[in-house]
Amino acid sequence: MKMRVHSAVRRVVNWGMTGLCLTAVLMALMPLGSILWLVVSKGARSLSISFLTELPAAVGESGGGVGNAIVGTLYLVVLAGLLGLPLGVGAGVYLAERGAGRLGSAVRFTAEVLGSVPSIVVGVVAYGLVVATMHRFSALAGGLALGILMVPTLARATEEMVRLVPHTLREASLALGVPAWRTTLSIVLRTAWGGILNVALLGIARAAGETAPLLFTSLNNQYWNFRPDQPTASLTVQIFNYAISPYEDWQRKAWGSALVLLLLVGLLSLLAHFTRRRSAI
Amino acid sequence: MTAKLQVSSLNAWFSTTQALKNINVEVAANRVLAIIGPSGCGKSTFVRCLNRMHELLPGARSEGRVLLDGEDVYSKALDPSTLRRRVGMVFQRANVFPTLSIRDNVLSGLKLNRVKKNYQEVLERTLRQTALWDEVKDRLSSDATQLSGGQQQRLCIARALAVEPEVLLMDEPASALDPIATAKIEELIDELKSRYTIVIVTHNMQQAIRISDFTAFFCMGELIEQGATKQLFTKPEKQQTEDYVTGKFG
Amino acid sequence: MLLPQTDRRHIGDRVFGIVLPVLGCALLAVALIIFFACAKLALPAIEKLGVLRLLTGSDWNPVEESFGALPFIYGTLVTSLVGIVLALPISVGLALFLTEMAPRQVRVVVAMLVQILAGIPSVVYGLWGLMVLVPLLRSTVEPALGRWLGFLPLFRGPPIGLGYLAAGIILAIMILPTIASVTVEVLRTMPQALREGALALGATPWEAIRLVVLPYARRGIFGAAILGLGRALGETMAVTMVIGNQPEIHASLFSPGYTLPSVIANEFAEATGAVHTGALAALALALFLVSLTLSGAARVLIRSRRLR
């Protein structure tokens, strides 16, 4: 009798805890649902051709868009890619191919640890390196900040991808008398290419969503800008400025810009997903 | 006649465990040497020492002399990749390059080494040699991974032949193949003998008898006995060899 | 000097043997550059005020060049702690659900949603926090908390919405995917046999979790929490948008405050003079060092679990 009560209690506890875990899942996903729903529903209202292509309007004026901010964000991530990808991918290849020793462990640990450096700190670094020496805010500074931010994660992820290439392929190539360096480039990296592209696209998607390091590097710009030595607009900084403004019209535009940003980031991630699925490993 | 390959006092280690102990072997040009012995006795390690693939594994090292046409293979003056172009290798498991087409797989050794040749001619010749030509000639541009296991293995042989090595090392090339594909490969070896020196590892003693001129029997990292194949299988000198070839052990 | 005559390795191999390690070292250089670039900017402030004054002073006044970061440090700690306290149980629950309970299809979908959660840019979290969370706190949550738990100093004062609590909740949402995914990773390394052993002895699934799974994963979960804490300390935009940006110290979670990253974000572009810039850069440097320490410690904890 006592046994039976005891096991009933145990069963109830088991169900109760399972229920709690389920509640945790719902609590974790509720904000996601709310955010996505609001960004889409509120953002869609301000979405239009002119919103995507025009320059921002002055306070009080209606209309206007975030065309320059979209272009600015793309410009910044291209700069970031040019600076960050070679270094990140290169370091990753080093880790996978020659990273067995002490130096390799040090580099790997540094990459892991740098991966969680606050992005705002990197903004300060880019300010010190570029803005302070050129005496003006510039797209280059913003691109540098985003580029540095990419490197650690990129290095680790690239390493993982290169390591997925079976050792037998490397041996096959070396046994043909292909020198080690060309084996790495033409066989190993070519096989890992889909994975590396995936990693790179994810890094770029993350960079596109960064705000903090841009606030005092690329700053903002009311106009179109394609010069690396000039301040430039970006979607994220624009969202920030619109969101904290007291004007209802601007707040609406914040939701609209947020939708554009999510679409951009989502598209890049989707593309990344696609490259991974098509890859050879 | 001088030996094509001459191995003397070869020792090999994996970090601390010794996989080969004082091996002395000679292989004459245009002959087939079969390596037999129980699993784990160092057969793979031995052939991998001949083209310096052994040293690529972490912690692996070797000592002793390997002479190719009288020239020290381990000399510092010799780039391993030059050596490996002269001493080709076929592995136990087919390892085609998954990102390359059938054509590019065959030609990969030439293309990656920037060797200019009549590619079409090489392609057709090697694929015919491996009896693949008729099977793949209509889909040379498709992915090599679409081929069957046996076809992939023959593709790997074609790939090794395309570089035109002098010596061909084969590590149980037929162990994953069905009897028909195996027969094709044995035929191929017989044909290749006129132009190449071949060292082949095999688990299958009938195969060794069919294809090889000489046989070396390894056990526990040591070379127990070597000699003309017929002799070794019919009148072995050592008891251990006799036990193995008659199936009493191993 | 001539290369040794005997080195006949392919020229490409020799180049590669130099280029690859250089690329690896470049990553080490990045760490040094971050440190020195911040330190160089910070120098004027450190020279003028000293580290102690910078970190323990509670007066932040750019006009008088008086910089004490205590309110920011306090705000950073409080918001991060609130974030961790809220996020930890939820992430562990989520991770347990994903590894121990959910059927495959559900697991795949939930894991994907958590990934999406991790991929949302922080400025979008900030926008949502400002427009949705803050009004909700002001109108409903904070008055209710005040009514029921008002005897604690934490939950006293007027419900403003903007403040420590809002920032803490946003941080909890943002670090949740990090903690959950690391926890899942740790749980995955656990040998299935241990779990099955407990179940075979007649334990209910929950008892197996409590008696076997959680003890096994304890250090790893601790590491995950520290990793999340590191994330929370450095998170900028979302916090800046909902914390109220007042350089003050309050016991109540309902009060507006300020954090280290937020003050850098708000003042850096318009900093007046080398000392102001320097003070902000010094804060960045402090953030860098703290985050290095935390994530280094977290990695060691997570890995030590893995090795066993």
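All chains are identified by letter, namely A, B and C, in their written order; residue positions are counted from 1 within each chain.
Here, a contact is a pair of C-beta atoms (placed from the backbone, for glycine too) under 8 Å apart; a residue touches a chain by one contact, two chains touch by 3 or more.
Since this is a predicted model, take the numbers as computed values, not measurements.
Student: Given the contact rule stated at the top, which pair of chains has the most C-beta pairs in contact?
Tutor: Maximum number of inter-chain contact pairs occurs for A-C.
Student: If I average the C-alpha coordinates per chain and also across every protein chain shown, which chain's average lies closest to the global one?
Tutor: So the chain nearest the centre of the shown protein is A.
Student: Taking each chain's centre as the mean of its C-alpha atoms, which one ends up farthest from the centre of chain C?
Tutor: B
Student: In whole angstrom, how far does the Cα centroid of chain A sit from the Cα centroid of chain C?
Tutor: Comparing mean C-alpha positions, chain C is 17 Å from chain A.
Student: Can you work out the whole-Å distance between the CA centroids of chain B and chain C?
Tutor: Here the centre of chain C sits 56 Å away from the centre of chain B.
Student: Between chain A and chain B, what is the separation of their C-alpha centroids in Å?
Tutor: Chain centres of chain A and chain B, defined by C-alpha means, are spaced 48 Å apart.
Student: If I count partner chains per residue in chain B, which residues reach a count of at least 2?
Tutor: Where chain B meets two or more other chains at a single residue, that happens at 79, 81.
Student: Going through chain A residue by residue, note those that touch at least 2 other chains and give them in order.
Tutor: Residues 179-180, 182.
Student: What parts of chain C, by residue number, touch at least two of the other chains?
Tutor: Expected reply: 10.
Student: Spell out the part of chain A that touches chain C in their complex, as residue ranges.
Tutor: The touching residues are 10-11, 13-14, 17-18, 20-25, 27-29, 31-32, 34-36, 38-39, 87, 90-91, 93-95, 97-99, 103-104, 106-107, 109-125, 127-129, 132, 137, 148, 151-152, 155, 179-182, 184, 205-206, 208-212, 215-216, 219, 236, 239-240, 243-244, 251, 254-255, 258, 261-262, 265, 269.
Student: For a test of understanding, state which residues of chain C touch chain A in their complex under the given definition.
Tutor: Going through chain C, the ones touching chain A are 10, 12-13, 15-17, 19-21, 23-28, 30-31, 33-34, 37-38, 40-41, 89-94, 96-97, 101, 110, 113-114, 116-117, 119-128, 130-132, 173, 176, 180, 204-207, 209, 227, 230-231, 233-237, 241, 261, 264-265, 268-269, 280-281, 284-285, 287-288, 291-292, 294-296, 299.
Student: Could you pull out which chain B residues touch chain A in their complex?
Tutor: 51, 53, 56, 58, 79-86, 88-89, 91, 93, 95-99, 108-109, 112-113, 156, 159-160, 163
Student: With touch defined as at the start, can you tell me which chain A residues reach chain B in the complex?
Tutor: Contact set of chain A toward chain B: 100, 166, 168-169, 171-180, 182-183, 186-187, 190-191, 193, 280-281.
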